[in-house]
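What follows is a pair of complexes built around subunit A, which joins subunit B in one and subunit C in the other.
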Partner chain A sequence: MALEGSQLAIALVLVGGLHWFAVGMAGLAVPQSLFWIARILFPLGALGGLAVAAGGVVALPQEPAAAILPLGLPDLPFHVRVDALSAFFLVLLGIAAVGVSIFSAGYFRAGQGTAPGLLCVQYHVFLASMALVLVADDAYLFMVAWETMALSSYFLVTSNHRMPEIRRAGFIYLLIAHVGAVAILLSYGVLQAGQGDYVFSSMRAHAPQGAWASTAFVLALFGFGAKAGLLPLHVWLPEAHPAAPSPVSALMSGVMLKTAIYGLLRVTFDLLGAPQWWWGVLILVLGLLTAVFGAMFAAVQTDMKRLLAYSSIENIGVVLIAIGLATTFRAYSMPLLAALALTAALYHCINHALFKSLLFLATGSVLHSTKERNLGKLGGLVHSMPSVAFFALIGALAIAGVPPLNGFVSEWLLLQAFLATPSLPNSYLNMLIPLGAAALTLSAGLAGYVMVKFYGVIFLGQPREPALAHAHDAGWLERLGMAWLVAGCVALGLLPLKIVAILDPVNSLLLAQTLSETAGRSGWLFITVLAPERASYSPLIVFCGMLSVVAATFLAVRFRYGGRVRRSDPWDCGHPGLTPRMQDTAEGFGQPIKQIFEPMFRIERQLPTPFDERPVYRATADDHFWYWAYLPVARLTERVSRWIGVLQHGRISLYLLYSLATLVVLLLVVS
Partner chain B sequence: MSASLATQLVNLFASLLLLIAFAMLAQRRVLSLIHLFAWQGAVLALNTALVAFVTHQHHLYYSALLTLILKVILLPWILHRLIDKLNVRWDVETLVNIPTTMLIGVGLVIIGFNVAMPISHLSETVTRGTLGIALASVLLSFMMLITRRKAVPQVIGFLAMENGLFFAATSATYGMPLVVELGVALDVLVGTFIFGIFTFHLREAFDSLDIEHIEKLKER
Partner chain C sequence: MNAAIAIQLGQAVLVVLLAPLFAGWVNQCRAWLQNRRGPGMLQPYRVLRKLFHKDAVLAHRASFLFRATPYIRFGCMVLAAYIIPTLASGLPISPAADVIALVGIFALGRVFMALAAMDIGTAFGTMGARREMLVAFLAEPALLMVFFTPALISQSTSLSTIVHTLAYQPFVIHPGLAFAAIAFLMVLLAENARLPIDNPATHLELTMIHEALVLEYSARHLALMDWASNLKLLAYATMGLALFAPWGIARTIDGPSLWLALACLPVKLAVAGAALALLETLSAKLRIFRAPEFLAMAFLLAVLGLLTHVLLEGAA
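Moving on, here comes the complex of A and B:
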């Protein structure tokens, strides 16, 4: 049977999704057999990831293709559609899922919380629901898939449900996910514009205007922002990510946050018509705040997974900054600049999917081998876990934005887009938005600082605990999964022009503008922004330069001191008895940030007095938003429930009387 | 059968239904309550069959049969077994202030008629005059639910309310679609079972069937 390209894409994606579903259900067959689940089903799940990614690759350059599934309610079938936007995110999902699934095959052990069979079901249903979110073409299927995604990930987060703090983290996650889902539902309600038809094509044809369009936009931003970790709604991330098993954190941070970005792009760029300029500014400002906030909080964390969770907040902020710029440019009809910013956003999405998944997987290996998440008790693991240390190094360099890796490309593109903002026709905007570039640079710099801390404290120096001497390297499946993601990071870093060309169908779909032509103006070696005299970057030349400098240094040293190697202890300043506890700690490393940005944290310090027998130093840096936004709402809810509680007497006849009275009053009102 | 005769018969059955509803409101003995409930079901089944005959709505025959089996035979039988098992066959409930209850009931009937009036004008059915009675009997059963203290009479009040709803459906639109009716019948049956289990547990926990004991379960 010969399938057209776009139909083939849909078929591939659906087969991948069904495959995931089937693999998940197969986990129930022998729920306790770790061999069956881990060694057979999870690698099979990786095949599903390949199918989904292949479907995305096939669909990217094609025209959109739609299909109607014979599922759903009577007279309300599910519509699916794959266009360039969803194809791009499918590629992202597929590639990340392959790496994480291979890693998981070696990761899950027996006797940890949920039975392996259940874990397998939840994990694969989670993957399948994310694929469904990306291909949904009506609000009905979208919401069903969205909620399935939220629920399956909730159960994954709480797989160690016997610990109360994990249940608490899961509850916060579920709560915010549902508040967000309600906002998304309302947004679709506004978008259908009284047509009563929730298929996206109908929404596109009857896009609301003026204030209604803004209402739909703000609701969508709120709803998707809650999932993505936009600033006031970010509190679930640093709770849920440390609670979840590491591959799950990797998927949630690497892929699930991107589905929220996908939803925001779908509504803002596709379903709603022309944007209003302040939409872009709103996204931009919130993104800047989120990025700076995330980076600052990441710098003061002492739990390695919390640190990565805050770093995810920062990266989502960066993506939102790019989307905000793209929306603003689009509102002023500057499609080329909008395409530049949108490319930066998409590029950063897939970058983050790769390196954040990689780092979370690395923390998983560290966690398994040391049973320790606290940075203060790790250290020196580069000796006992060399391959994990190498992979984590690549990931850390990539996320810190060091050329020639991928993080640099997207942040560079984004800064170039910022540098073009003075050409905006609005005089306030073209003066104020360039200031945002400073904030973005601050967050990028802080991200580098955070990664130095992350890598340095975990892998370098001396082991801080004697137990770390027994740490062992990850198994081959875990290493294979991480190597896959590392390869992605390197490829995305070295071939930016190729990637921009692959991303271009999304630009032409959403903005009717392509970027690859201007990007390739200086030849295949360089990626060029707007014009060759403006800015160009060639990762290959940078890479070769680095290689040659390193090689030259190596050879020079070799030549000068060849064969005369002498090992000795490092100089200890004449201090007798250096111990590993004298190294710089995670707290110590974050201390300058804590001092400089003190008003941003809610710091509680417990300082020892000179007379303490056992001096204890404890410092916590809390989130102001808990005290400003969440606790007041919680208190208000409690007060209102107490008022309503007055009605509650526990007498059935009284309750029935309430019903009767309501019924009679309503009947009298209608008659 | 002429239309006027049919209308008169339907009205007769409707008034019987209302009378039984009032009787249930005032009845103290559990056993008599079950008998009254069975009678109400019988009247309902007869009425449905009559409407089916007059209007040639064949699905109403099934409804009538269903009502007969479920509400005249099966449910009373279950209730009889229940009160035997619970040993409350001869129980007499102390009702507070029957005259006041009856007066409030009369008020509810007036409200029911007032509400039903505009709907009856819109309806084309031979039974349209009885919609007010149907609504009134729903409200009266609700009233009975409120005033009862013991578990079994409350169950009967709930079932009687369903009778009223069924009658309302028949008189307004010649009954609900059969699927819906089957579903409702199943619900009622399952509900009765659950109530039965619930009463057993109530007795085990508190050694009494008085609903008042559940008040201890409230929050605070």
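Moving on, here comes the complex of A and C:
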């Protein structure tokens, strides 16, 4: 039976999802067999990733295709639909899942909390539910998939549940996930506009107007923002990401945060009609705050996975900045500029999925080989783990946003979108938006700082602990998984025009405008914005130019002066007795940031006096939001529940009395 | 087209060869201003020659990153020499990278240098890396903001188009550019390890930034690092000239305008170098923790320039 393109896409995605589900369930067959789970099921799961990605690639240029699944409640079947927007995120999910699953095949070992079989179920259900979120075409299926995603990832986060701080992290995650889910549910409630029909097509047809539209938007922003780590709903992220096993952190950070971006785009650009200008400004401002905040906090972290979690907050901020600009441009009917900003957002989404997954996987390998997550006890791993060090170097450079890698391309597109803003008809916005560009560049600068710290402290220098001498490189499956993601980073960095052309159907779906025509005006080598003389960039030429200059210099120096090298002790200005403790620590690296942005942190220092026999130095930089927003709410909740607790005495007779009283009151009300 | 490629290559070779001379000129001016005789303008060439002839000494723990960094950093700076319109605008490679990409290329060189400094694991190296990144994370956004003002004026981030607009369109006074120029000067001082952020002539390790980063390098590696630093200084100078004094840069590739460009360039660079030396002579080094204030000032000025442009000249 020959399937038409769009039907084929749906079939591929559903097969991929079902495959994940089946693989997960197969894990229960022999739940203790590591060979069965790791060596057979996880590579099979990678195939599911390929199917989903292939489905996405097929679906991107096609017309949307819908289907009704004979599942769900009797009167409420599940509607699924694949359009360009979901297709793009399916590609992202598939590509990241392939790399992470291959890595996991070599990563999961026995004796770490949850049994391997259970872990396999949770992991694959998590993947399948993310795919389902992306294809859901009614609020009912969406929420079911969304909750499945939240729950399966909760179990994955708490897989080391014997540690109390991990249980605590899981609890915070679950709590905020559900606060967000309630907001999303309410948003869908507003969106159905009294129709009683929760299918997206009917919501699209009866988009609410005016204040109701804004209500739905704000609720959606809150709900999806909670999942994405938007300020001030970010507190779960730095707790949950480090707690989870590294491949799971990679998926959560690389892909799950993007499902929230998907949801926001779906509601703002698709289900709601024309946006109001302040929606875009709201997203933009929150995005800027999130980006700068994330970068600042990443710079002072001492736990490598926590550092990456804060860096994820920063990157989500960058994506939201781009979405905010796109929404603003759309509100002023400037589709070409909106397409530029939206492209930057999508590009950054897939970039972040690649490089953040890569770095989380690298920390996983480091963690396995050294049993250490604390930056203060790592160092010098470039010698004992050369391939991981190389992969992590590519990831770190990509995330630092230097050409010719992929992080730079999305940053470039976004800055170009900022530079196009003075054509907005609102003069206040024209004045304020340059400040936004300033904040964005600041967070980009900080990202470079963070990555030098991350890479330098873990992989370079002298090992800070003697045990690190026994560190070993990652196994071949782990390396293969990371190499896949590295290849993605390089490809996305060098071929931006190709990628823009691939994701252009999303622009034409959401904005009825394509970008690839204006982006490709100077030929396939260049990516241009609006016009070739306005701005163009060619990573391939930059890369080849760099390569040729470096090669020519190397050869010239080698032939002219020879390559003689003498090894000796480090010079270090003649100071003898160099010890690993003389290097900068992670705290040392964070210290200037703490000093410059002191009011942003809640800093507690415990300084030793000079006469201390056993001096202790301790400094923590905490998050103000925790103390300003969350603890008061928690205290209030506790107080209220204590008041309610007065009612409870545990005596049957009292409870019977309560029932009687309720009955009497109700009867009075009725009569 | 062939002529254009030849000019492109010629410009890059000229910049690469001239870079040590410019550094020597600045040092010589400084010496004169300080009532010293100075080593002469050709001293940087002599130093490079000496270094290239020596055998490299590497620390035991030096990894591939340490050995690759001098070449990569040198490559970055040579690439910048290709991109910045020094003699002529509209050269074949200029569409490959605009000002944002240029900032990115500088960042690439810097990240590698900082990582290489951390590679051996010495106290001074890591301290230098941290300080360098501290200066950079404030200077880089400031530099981008500096570029945004002319980019908005000319509706383009391509340096060639900016030069075209500023040099060959009817002359207009852009007040925003004045702020941008001051901010650029401050960024130039900070990024090139000049006073008041860093002292290029320091011998005291604790006050070093740039020198601390290259402490472990020797021989050809150090030569490349030094040459790259010279190139960076010259690249910033030519970038500043292209943005704020673009007159004389050839817009078409023909004999007279190229000769004019070739005649203008040394004069402009000589004046710029002397001004830089004067500025450095008049200022004292800041404590490292005053450096962020200095750079924040540059950043604010650049943003102010941008705002001034948007306010006064509005939507173009």
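Simple rule for what comes next: the second predicted complex is superposed on the first by the 667 of 671 C-alpha atoms of A that agree within 3 Å, B and C clash if a C-alpha of one lies under 4 Å from a C-alpha of the other, contacts with A are read in each partner's own complex, and residues count from 1 in each chain.
Simple rule for what comes next: a residue touches a chain if its C-beta (ideal position, glycine included) is under 8 Å from a C-beta of that chain, and two chains touch if they have at least 3 such contacts.
Note that this is a predicted model, so its numbers are computed, not measured.
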Greater subunit A contact set [subunit C / subunit B]: C
First (subunit B), second (subunit C), both or neither touched by A:S671: first
Partner chain in contact with A:H649 - subunit B first, subunit C second, else both or neither: first
First, second, both or neither for A:G294, with subunit B first and subunit C second: neither
Touched partner set for A:T553, first subunit B, second subunit C, both or neither: second
Partner chain(s) touched by A:L660 [first = subunit B, second = subunit C, both, neither]: first
Where subunit A meets both subunit C and subunit B, residue numbers: none
Residue ranges of subunit C in contact with subunit A within the complex: 52-53, 55-61, 63-65, 71-72, 74-76, 78-79, 82, 93, 95-98, 100-101, 104-105, 107-108, 110-111, 114-115, 118-127, 129-131, 133-134, 136-141, 144-145, 148, 151-152, 155-158, 160-161, 205, 215-216, 218, 220, 224, 289, 292, 299, 302-303, 306-307, 310-311, 314-316
Of all residues in subunit B, those that touch subunit A in their complex: 108, 111, 114-115, 117-118, 135, 139, 142-143, 145-149, 154, 211-212, 214-220
Touching residues on subunit A, where the partner in the complex is subunit C: 379-380, 382-383, 393, 397, 400-403, 408, 411-412, 415-416, 419, 422-424, 427, 430-431, 434-435, 437-438, 441-442, 444-446, 448-449, 451-453, 455-457, 460-462, 522, 525-526, 532-538, 541-542, 545-547, 549-550, 553-554, 557, 560-561, 564-573, 575, 578, 580, 582-584, 588-589, 592, 595-596
Residues of subunit A touching subunit B in the complex: 645, 648-653, 656-657, 659-660, 663-664, 667-668, 670-671
